[in-house]
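One chain, chain A, links the two complexes that follow: it is found with chain B in the first and with chain C in the second.
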Partner chain A sequence: MFPESLNFSIRKPINHFVDMLVTNYGSTFRAISDAILQVLLLIEGVLRGTPWWVVIIAFMVLAWLGTRRVVLTIGVGIMLLVVGMLGLWDQTMQTLALMTMATLISVVIGIPLGILAAKFRSVQRIILPVLDVMQTMPSFVYLIPALMLFGLGKVPAVLATIIYAVPPLIRLTDLGIRQVDHEVVEASTAFGGSPMRILFGTELPLAMPTIMAGLNQTIMMALSMVVVASMIGARGLGETVLNGIQTLDVGKGLEAGIGIVILAIVLDRITQGFGKPRRFK
Partner chain B sequence: MSMSGIQIRGVSKIFGAGADKAIALVEQGLSKAEILEKTGCGVGLRNITLDIPAGEIFVIMGLSGSGKSTLVRHLNRLIEPSAGEIFFDNTNVLTLGRKELRAFRTNRISMVFQSFALAPHKTVLQNVIYGQISRGTARKQAEAIGMEWIAKVGLSGYEHRYPDQLSGGMKQRVGLARALAADTDVILMDEAFSALDPLIRSDMQDQLLQLQRDLAKTIVFITHDLDEALRIGSRIAILKDGELVQVGTPNDILANPANDYVARFVQGRTAVHA
Partner chain C sequence: MKTNTLATMVFTGCLAGLPMAAQASYCGDGNTLTFAGIGWESGDFITKVMETIFAKGYDCKTDTITGNSITLENAVATNDVQIFAEEWIGRSDIWNKAESEGKVQAIGDTFAGASEGWFVPTYVVKGDEARGIKPVAPDLKSVDQLKDPAIVSLFSDPEEPSKGRFLNCPSGWTCEGVSTAKLEGYGLGDSYTNFRPGTGTALDAAISSAYKQGQPILFYYWSPTAIMGKYALTQLEEPAYSDACWANLTDPAAKHEAACAFPSVKVAYGVNSEFAKAAPEIIEVLAKATFPLDQVNASLAYMVDNEVDAAKAAEVFLKEKADIWGAWVSPEAKDKISASLN
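After this line comes the complex of A and B, so read on.
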């Protein structure tokens, strides 16, 4: 037996800290939560309110613009049609709304953090281990405080999804910028480019394929969170999977699973398409 | 005293943390290897004092790793010295603030890079006008200037191509046009022709000499190739392990090599009329 006299616990201080947050900053968290919810509901409203065929055409247009490949474009259309025929259209749109929201916030947080990490070694030293923890910590561990702070529902689902999904975007933004040819950046500097002009005119455009690969991974990881997200109150395909499990309805669970996979393939191909450098098509 | 051109005064460059300690050892005259062992710092340059006169081609020569790139990058402050001063027409370049430094880079000094360093996502024209845009020239006017220089380096018709659609020689013409279009009085050329085939290379050398005759720019030209140095240099400085070994006209150096290192460089050559 491990001697008890050596035991120590971080349980109490952590619980205290979370309690303190809930009591003292509850209204702040409510405000953040409301803001996220408003945007999420807006996205969901648009996606669910738009006729299904318009959504399919919109995805096909995106696929075409991203890849310029006929077969792939048609494939995207057919796959989305299958989702509709499986009776999963509404759930798919709900899940898509959640993905879109989580991805938008991930971009807003992840790209600036990635840029800071690339620019300042000290920031990188702090961020990288934190990202490791975020990716390996079982999601239920941070679901509990998220639930306490934000309650059950869509917002903690979005936040949990972001915590799990944002690391690759930060990592690959950092990597992408560091990988930009040093002499090209030197040339921009030597010809009097300002730091902002070098960042936006040279570094970010040249890092874009890598950043898009990060975005692609972020979306894929977000999709892998949909079932967990549904456990704390998100609607959509994840909920249908859960339903299938609870009622031992394997067929239903599988159908919803197929829906998730199709969404993953569609989003993957489209983001990969946009990630490839433009001129080499 | 008023002098034009560039004066480098006692410049040393230490790479790595703890430069102060290493600088002290440089002053005591310890060798590069000893300093590396004692401090873990690399000595890039050691107490360089050099006058680069305005309006001529000044060649900096030395083996790979001798500090040529490091030295030339001090002139536009892509690298900050660990010790020493650099004057440009009597202004101490090291005292320039951020804004002044940008103005200095856009108005006074431009650069051509060994591996071209063109922005791959920009067209030839967009690359060439980068300096003019930095300076705040209106796009229309910058493009007119850019087109002129693209024509002068023989690349008319390629304005809207991207760098990866050009050969090495063409890319370096773009690099040259970019430096010339910036319209600065000084151009730094860091092994600008080293990556080119011999024929294209001598072609570019001719073109550079011609440009120099027409425009009387101050050109600081780095090479590790003696033939190139002799062909285009009005004056040659030789570096070894971050130290300045000899400065002089090509004839001086051929006739009176300062030490064995220089002698080995010029082996088998005889002084010719300048």
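After this line comes the complex of A and C, so read on.
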């Protein structure tokens, strides 16, 4: 047995800290929460308000622009049609809105952090272990305090999704920029490019396939969070899965599970398509 | 030599078997007594108490399997779990079906006087001078008044601001279906979102968070619970219970045009029927083991105030309240349990 005299616990201080935050700063967090919620509701309103066939056509156009493959484009259309026929259209749009919001914020946070990590070794040394913690900490540990601060529902779900999903984007942005050929960068420097120009004109474009792979991973990980997000009241496909399994309605759970898989395949193929370097333009 | 050994083995085998047969007991035969690891506090506490009683007093190998109530009820029907320590009888379709098929049965009363309903924090009605909270709905008494647009806007759902938010049970809990039916029956479906928090923890966290910030919140809750002991909550009045109304509410396929209060509840130990036949000595204890409701509330409050888990609260209860649980068990078991605690 481990000697009890060496025990120490951060349990009570942490509990009191969270209590204090909720009691004294609750309104501040609510204000942040409302701001995020407004944007999210806007995205959701657009997605749920648009007729279903317009959404499907929009996805097919995106798939075509990304891949230029006829079969894949038609496949995307059919798969989304299946989601609708399973009666999951509304839930899918809610999940899509949540994902879009989480991905947008992830890009805003992830790419600049990735660039910083690539440029400064010290930043990288701090960021990498933090990313490890973010990816391994069980999400319920931060979901419940997030819920107490930001209220039940979509906002804590978006935040938790970002915490889990942003690491690959940061890692791969960092990696992509580091992998850019030094000679190319040296040549740009020799031609008198400023550091900003080299970054935006040379490094980022060359790193783009890697960064897109990171974005693709971020979207996939965000999708894997939808069921966890539903445990704190985020509606959408995750809630249907949760409801299905919690009531032993295996069929219902599987239907919604298929919906999540379809959404994943569609988003994966489209982002991968955009990520590949285009040979024929 | 070989035959000799065999004979000896058979002989000793018989000898070893004889005393077993003489005082055949479920645990004595090496069976593991598996409890349902119920997620809510009172169930958790009671399970821990009963587990200790059987482990220490009756030499049982015990185990607890966690899960949500429907999964665990199903496990009792299949005898993977033997005891569900806090079964709210008549609430769950899965349980009712298993009971009518004779696979499970209810033993004794876990506690008497449990209640459930729709609640708002008392400061919504009466205010809280100490915290500087003004009463925002001083006339709110019953569910009929929830339709009033002023009340609806009080409980406004940030995700759908035109509607109020009713915080239901997590999906998969039996009360979720009933509260959903009630929402429809009271004609509140259009003015309130039926918000399911996903998990019991999320429900508790949402209530605590709102309470600490003094915000209005409308939710389903039940007693005995730590939340009920810790916070001042007011139950909204509902039309009186009737069997016909309840039958309608519990039928998910029916159309709900009216609704009524939850019936008073019988809470018992749910056990597997085969197990009950095999373990009369355990059933005998369960039949007597009724926790006084105020004792359950006190233990739950103890858990919250001292930030300890159910196992610790169970230990304290067993140490200090031998007069309560001592009456449930045999004198020898009582001595054994007491001895194990010191």
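The working rule: the second predicted complex is superposed on the first by the 270 of 281 C-alpha atoms of A that agree within 3 Å, B and C clash if a C-alpha of one lies under 4 Å from a C-alpha of the other, contacts with A are read in each partner's own complex, and residues count from 1 in each chain.
In this section, contacts are C-beta pairs under 8 Å (C-beta built on N, C-alpha and C of every residue); 3 or more make two chains touch, one makes a residue touch a chain.
The shown structure was predicted, so the numbers you read here are calculated from the model rather than taken from an experiment.
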item	value
Chain C versus chain B, contacts on chain A by residue	C
First (chain B), second (chain C), both or neither touched by A:Pro205	first
Contacts of A:Ile232 with chain B and chain C, given as first, second, both or neither	second
Partner chain in contact with A:Glu186 - chain B first, chain C second, else both or neither	first
Which of chain B and chain C A:Thr218 touches, first, second, both or neither	neither
Which of chain B and chain C A:Lys154 touches, first, second, both or neither	second
Which superposed partner A:Ser194 touches (first chain B, second chain C, both, neither)	first
Common ground on chain A, meaning residues reached by chain C in one complex and by chain B in the other	none
Interface residues, chain C side, partner chain A - complex	68, 70-71, 74, 94, 158-159, 167, 170-173, 195-199, 201-202, 205-206, 208-209, 212-213, 307
Residues on chain A engaged by chain B in the complex (per definition of touch)	181, 183-184, 186-194, 197, 202, 205-206, 277, 279
Sites on chain B touched by chain A in the complex	73, 76, 78, 102-103, 105-106, 109-111, 113-121, 130-131, 134-135, 162, 178, 182, 188
Interfacial residue positions of chain A with respect to chain C in the complex	11-12, 15, 19, 22-23, 26-27, 33-34, 37, 41, 140, 144, 147-149, 151-154, 230-234, 239, 242-243, 245-248
